[in-house]
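Dropping the structures in below, format is structure tokens.
First subunit A sits with subunit B, and in the next complex the same chain sits with subunit C.
Now for the complex of A and B:
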């Protein structure tokens, strides 16, 4: 059956309005990602993201001018945590509960030049973040972990790129993120570096509640979470 | 006292390998007073346990002992065992993680 041309035009126009626009041609200055890009980055189907959003209401993206979902970096990080829990065998509902991190009380972010002074700068940054916090053991552990991560970044990362350290203080925990430029880390390299002196990760593993490595061709990011209860 | 805090870190490092038996080697952090010293010391679990059996003894890299607060009571190629003196000994006992 052939529709009258006027009706066919209306349907095509409606379909065009519903068609997602190419995001490549319209990069968002705020670093927001559309659902397809997020799904590709996480290696899951966009429908999974929509289902999680509808069921759990934990990651609810804002909408763009065309009604498309737009995820900010914090939401992508939350989804990454959800997915990590799911891949460890957690139910999606529990994974969402575990993935929610409250807003930090304070944040410190620094760029540190790769040098012998880098670990000292990391400890000073942690001191500045903690301020008058009266928990010497937690403060010591956090300084030690920051110092070891930054030392490793200096020893094994690119000497041409600054080390970035971000520290967040929560009411009962802290999160450190240390990023360095350089090539992808492999398990073999980690083992060799352990023999050669890059051994801070066993300290991190002994002191942290949780930690993760995200490594790629442009560099490596290590994220560590320490809780005050775990330090006691 | 940083030495006591490093001792806590080392207790955690030992805990990770405790099931390997007394002759298993592992690495601890130097238990000297300097917070920026994180030099590593290879040690057997049995050797580490012998030091930990006395609250006032600590393991440091050779040359890191501070004669003002401690004396060297044993040494080998890799490390020295120091014993805290005076008030430092008292603090070490009070902060002993294995006490009670």
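Now for the complex of A and C:
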């Protein structure tokens, strides 16, 4: 007996739906996203991503079994930085150059209990990160900045939440990120409190290549970048 | 001249890989030295503050803080040194620093405190400066 075509279609459709989905089409456990998902997340057309890949080759996604593009979270983050630059008016080619962030040689991440010992723990973490690096001046400044940032976090942040410090070492620079819980802190407030006459921030400001403060009701994060050339 | 050798460090100092130690010496003629070894930070600076307060209360008008053996100082240390300056100045006293570590000296330069303290490469030069200053002050001070 031959089924009416509409009935056949429904059965085939049901059978297709029952087939196990291809694993490479699933959301990947490593967080890989297909081009459509990335485009939706960034609010741009998939064709733009393909063009950027072809022209600039900065973000080259891996391919799935069907040949589909699969972007890892780091690549999505890079694309987001590119897009931010483009939306500020940068040309896409220049934006790609700006978006490239080298991978760190080493990273240290610690949770430090808020106490008088916190700055010492910060310096010890930097010591561990630097290892045998033979640049005493850079090491001194990096220890000093880490110590000052964590001291600020202890003095001005919440005493109930641990201070988080992440230190990344690059071949010619280092980046420190210190986060504390507690209320919103601004630069003006940090300076106004002037427990050390505001000199801790002056030191950080003088030694850093760049730094930023991100503060909100749940806490404050200060990120500082120091280059070896700057400390020479 | 009386001296107090590097005493037992605080529990905080012992935690450091570079042990914090303090020593004070009364060189006479109103000149005292406070010598620091190791790392001075939030945890150990209170001991430095206490030592400086003590020598000033004991009558020192010229105080040399010898950082020749210090391996690290921070903004808290600077605050302690500034506090000692404020206690010394009303009596015409002076605080000088001995330091030959370019990294530590840079901290004074960054914060412009190299304009507040006289900084010397060696403790001997600092003591000499303070003794000369003490003699000069004694020459012009009212007598009787």
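One rule holds for everything that comes next: the second predicted complex is superposed on the first by the 126 of 232 C-alpha atoms of A that agree within 3 Å, B and C clash if a C-alpha of one lies under 4 Å from a C-alpha of the other, contacts with A are read in each partner's own complex, and residues count from 1 in each chain.
Definition applied: contacts are C-beta pairs under 8 Å (C-beta built on N, C-alpha and C of every residue); 3 or more make two chains touch, one makes a residue touch a chain.
Remember, predicted model here, so these are calculated numbers, not experimental data.
In the superposition on chain A, A:143 makes contact with both subunit B and subunit C. Once the two complexes are overlaid on the shared chain, A:124 sits against subunit C while remaining clear of subunit B.
Using the contact criterion defined above for the overlaid structures, shared-chain residue A:47 touches neither subunit B nor subunit C, since it reaches no partner.
Once chain A of one complex is fitted onto chain A of the other, the partner contacts of A:206 extend to both subunit B and subunit C.
In the superposition on chain A, A:116 contacts subunit C only, with no contact to subunit B. Ranking subunit B and subunit C by residues of subunit A touched puts C first.
By the touch criterion defined above, A:159 lies against neither subunit B nor subunit C after alignment on the C-alpha atoms of chain A. Taken together, the two structures place residues 119-120, 123, 136-137, 140-141, 143-144, 147-148, 151, 197, 199-200, 202-203, 206-207 of subunit A in contact with subunit B in one case and with subunit C in the other.
Interface of subunit C with subunit A (complex): residues 12, 15-17, 39, 41-43, 72, 74-76, 78-79, 82, 102-103, 107, 110-111.
By the touch criterion given at the top, residues 116-120, 123-124, 127, 136-137, 140-141, 143-144, 147-148, 151, 154, 195-197, 199-200, 202-203, 206-207 of subunit A touch subunit C in their complex.
Of all residues in subunit A, only 119-120, 123, 136-137, 140-141, 143-144, 147-148, 151, 197, 199-200, 202-203, 205-207 touch subunit B in the complex they form. Subunit B contributes residues 2, 5, 8-9, 12-13, 15-16, 27, 29, 35-36, 38, 40 to its touches with subunit A in the complex.
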